[in-house]
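Below, chain A partners chain B and then partners chain C, in two separate complexes.
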Partner chain A sequence: MASEIYECLSKIAGIISENKDFLTELDREIGDSDHGINLARGFSAVMEKVNPEDADIGATLKKSGMTLLSKVGGASGPLYGTAYMEAGKVLAGKTELDAEGLKSAFEAAIAGIQKRGKAVKGEKTMLDAIIPAYETYSQKLSDGADMITALEAACNSAREGVEYTKTIIATKGRASYLGERSIGHQDPGATSSTLMLEAVLDVLKGK
Partner chain B sequence: MVGIVIVSHSWKIAEGVCDLAHEMAQGHEGIIPAGGLEDGSIGTDAQRIADAIVEADTGDGVVILADIGSSIMSAETAIELLEDEGNNINVVIADAPIVEGTVCAVVEAAGGGSVDSVLKSAEESREASKL
Partner chain C sequence: MKKLINQVDNIVNEMLDGMTAAFPQYVKRLEGFEVLVRAAGPSEKVALVSGGGSGHEPSHGGFVGRGMLDGAVAGAVFTSPTPDQVFEAIKAVNGGKGVLLVIKNYTGDVMNFEMAADMAADEGIEVEQVIVADDVAVENSTWTTGRRGIAGTVFVHKIAGAAAEAGLKLAEVKRVAEKVIANVRSMGMAVNPCTVPAAGKKSFELADDEVEIGIGIHGEPGTHREKISSVNDISDKLLAKILAEGIYAAGDEVAVMVNGMGGTPLMELCVANKHVKDVLDGKGIKIAKTLVGNYMTSLDMEGFSITLLKLDDELKKFLAAPADTPAFVQF
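After this line comes the complex of A and B, so read on.
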């Protein structure tokens, strides 16, 4: 049987590939029409690097992050690459995700994205999905929810975050060249990060 | 001699800027392009940039000139990758236009300037008026 982290990565790669054209189309409206192509190239390279036997979540995430840094090509490469590598650092040696581990991985990933891209919430980026998702996740855990319930709620917040990106002006990344004209369009990176969270939820639910 | 790395989404731009710079480089060999992805597509690749930094360095440090968007993020990532490997090359990224900045940087580097003075020359190119 494949390890948990391998299943997560392979689910993410599958969902990204299914949504390749959709993500690229979103990026055509407010960017340079490559987000889906970039991520599909990155995750197919990740799937060539990882093996079903890779059990150490930290080491596998590190390897995946290194691959994303070099194969994605767009801003989402160093951003997701750093996020995966930073999450990998806090999960080093773990072979199964637990509620607290996922929480600290979330935190580390966000810190990595912010270190790299110097963006905050409200700039129409992936952070507008990921930060609310994290906030909901950690609130649900403190309310006593289990990991899956908390992650389900987090995915809802991420989807709301994607909707919210339609209402704001981009001030980071390529879309910022469009200024006011970026309003009305959802952010490709917020969309792809929501798809990734949904993929992880799917794997954890299926266990 | 201070090395120069040219980061662009396009390998044609990176190599073209290097060709242009070589005309004024007086034999400076450490001007290294890091353009596009391995397969030739448009994009930036932190690992490729890290390799170019190592190639450009002769012990005197490296100045990076970069184009738009994720070039800067990928260059910063490359610097961190090298630090994580315990490689302590003195690398800085110039806040300068890629063509003008490179020409100024190369002239200063070929004249024996330090990382600081090469960086300063590159960044001063921002002020040069063309008309």
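After this line comes the complex of A and C, so read on.
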């Protein structure tokens, strides 16, 4: 049987590949028409690097992050690469994802993205999906919810975050050149990160 | 989509091999990497590395050679190259005097090149960087990523390249490059958008009678679109934004670049250049050097950009220095 982390990555790679054209089309509207293409290339390289037997979540995430860094390019390569590597650092040695582990991975990933991209919430970036998702997840856990319930709510918040990106002007990344013309379009990075969270939820629910 | 390609995924790879085959006296490919370096190998001077997404040919590989770049890193089409590729380029060109990275101001380019610079610094290679942000179409404010780097980057390659060739130290080459950046401004427009091969369709839609003003070089839409007018009118608009920067005044000497976006006939670029000269003459701004042609393109986009660079004696000297590269030769 494949390890949990392998299943998560495999699910993410599948969802990204299914949505490759959709993500690229979103990027064509306000960016440079390559988000889906670059991520699909990156995750297919990840799937060549990881094995079903890879059980150490941290080490596998780190390997995935390095691969994304060297295969994706653009801005999403360093951002996702850093996010996966940072999440990998806090999950080093773990073979099963638990509620607190996921929370600290979330935190580490967000901190990595912010450090690399120098962005904050509200700038029409992936953070507009990831930060609300993290906040909801963390709130639900303190309210006593289990990991899956909390992650389900987090995915809802991520989707709301994607909707929210339609209403704001981009101030980071290539869409920022469009000024007000970026309003009405959802952010490709917020969309792809929501897809990744949904993939993880799918795997955890299926256990 | 109609393109002269084989496999979409293999375009950059085949292009680099094709360039190496065409210009073996100038460039060679770093085995296993999307990197072109000087055929002669590193020399004992400051080395210049630039690069970015592909699709801007002849930038940047076309400017690898004596008097300009030492290495050029080619990412996927319109996608910044990755840190490991840039790092390999830095290692390959380093001749012991340090390496200057010439980066165009895009979120991805800056992140990837900076990560590569960190990796090089860890190995004890002296690395400095400059970021070109010459596009006046984008307002430079806290509300944007900052101005984009476009055609003016070629002047940085030329002038900083000559400074390095003249034996200046890394800090001095960087100072010269920054002086170019402070004095160079550009703005572009498109008559027709480009088609990214992997996306398969036009990067934005324009009606038959519309043009896009303030475009970047990655097929991203511009700041606004309007009805097409004469090339003189359009040039006036681009020049007005550039001149509004307050850098260029009567009595100044400038270098001019009328840059094609890839699909524009040279005839039309020359027509635009005639008007640029007339306007600058009328303002008493002296043109010391003019470049007309495809320098920083955007695949098959039809359109052009205008670049002005204010010169002082030092910049003039380095601009006039010899250069011998696939896409720029000057004796």
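Please note the rule applied: the second predicted complex is superposed on the first by the 207 of 207 C-alpha atoms of A that agree within 3 Å, B and C clash if a C-alpha of one lies under 4 Å from a C-alpha of the other, contacts with A are read in each partner's own complex, and residues count from 1 in each chain.
Methods note: contacts are C-beta pairs under 8 Å (C-beta built on N, C-alpha and C of every residue); 3 or more make two chains touch, one makes a residue touch a chain.
Everything numeric here is computed off the predicted structure, so don't read it as measured data.
With both structures placed on the common chain, the touch criterion links A:Arg116 to chain B and to chain C.
In the superposed model, A:Leu69 lies in contact with both chain B and chain C.
After superposition on the shared chain, chain A has more residues touched by C, the comparison being chain B against chain C. Applying the stated contact rule after C-alpha superposition, one finds that A:Lys166 touches neither chain B nor chain C. When the two complexes are overlaid on their common chain A, residue A:Lys89 makes contact with neither chain B nor chain C. Contacts of A:Thr24 after superposition on the shared chain: chain C is touched, whereas chain B is not. Contact with chain C, but none with chain B, is seen for A:Ser33 once the two complexes are overlaid on the shared chain. By the document's definition of touching, neither partner reaches A:Lys49: not chain B, not chain C.
In the three-chain superposition model, chain A touches both chain B and chain C at residues 34, 38, 41, 69-75, 77-79, 116-117, 173-174. Touching chain B in their complex are the following residues of chain A: 34, 38, 41, 66, 69-75, 77-79, 81-82, 116-117, 173-174.
Residue ranges of chain C in contact with chain A, taken from their complex: 9, 53, 75-85, 106-108, 111-112, 115, 137-138, 142-145, 148, 196, 198-199, 201, 203-204, 216, 218-221, 223. Chain B meets chain A in the complex at residues 9, 37-38, 41-48, 69-70, 73-74, 76-77, 81. Chain A meets chain C in the complex at residues 24, 28, 30-34, 37-38, 41, 69-79, 116-117, 169, 171-174, 176-179, 181.
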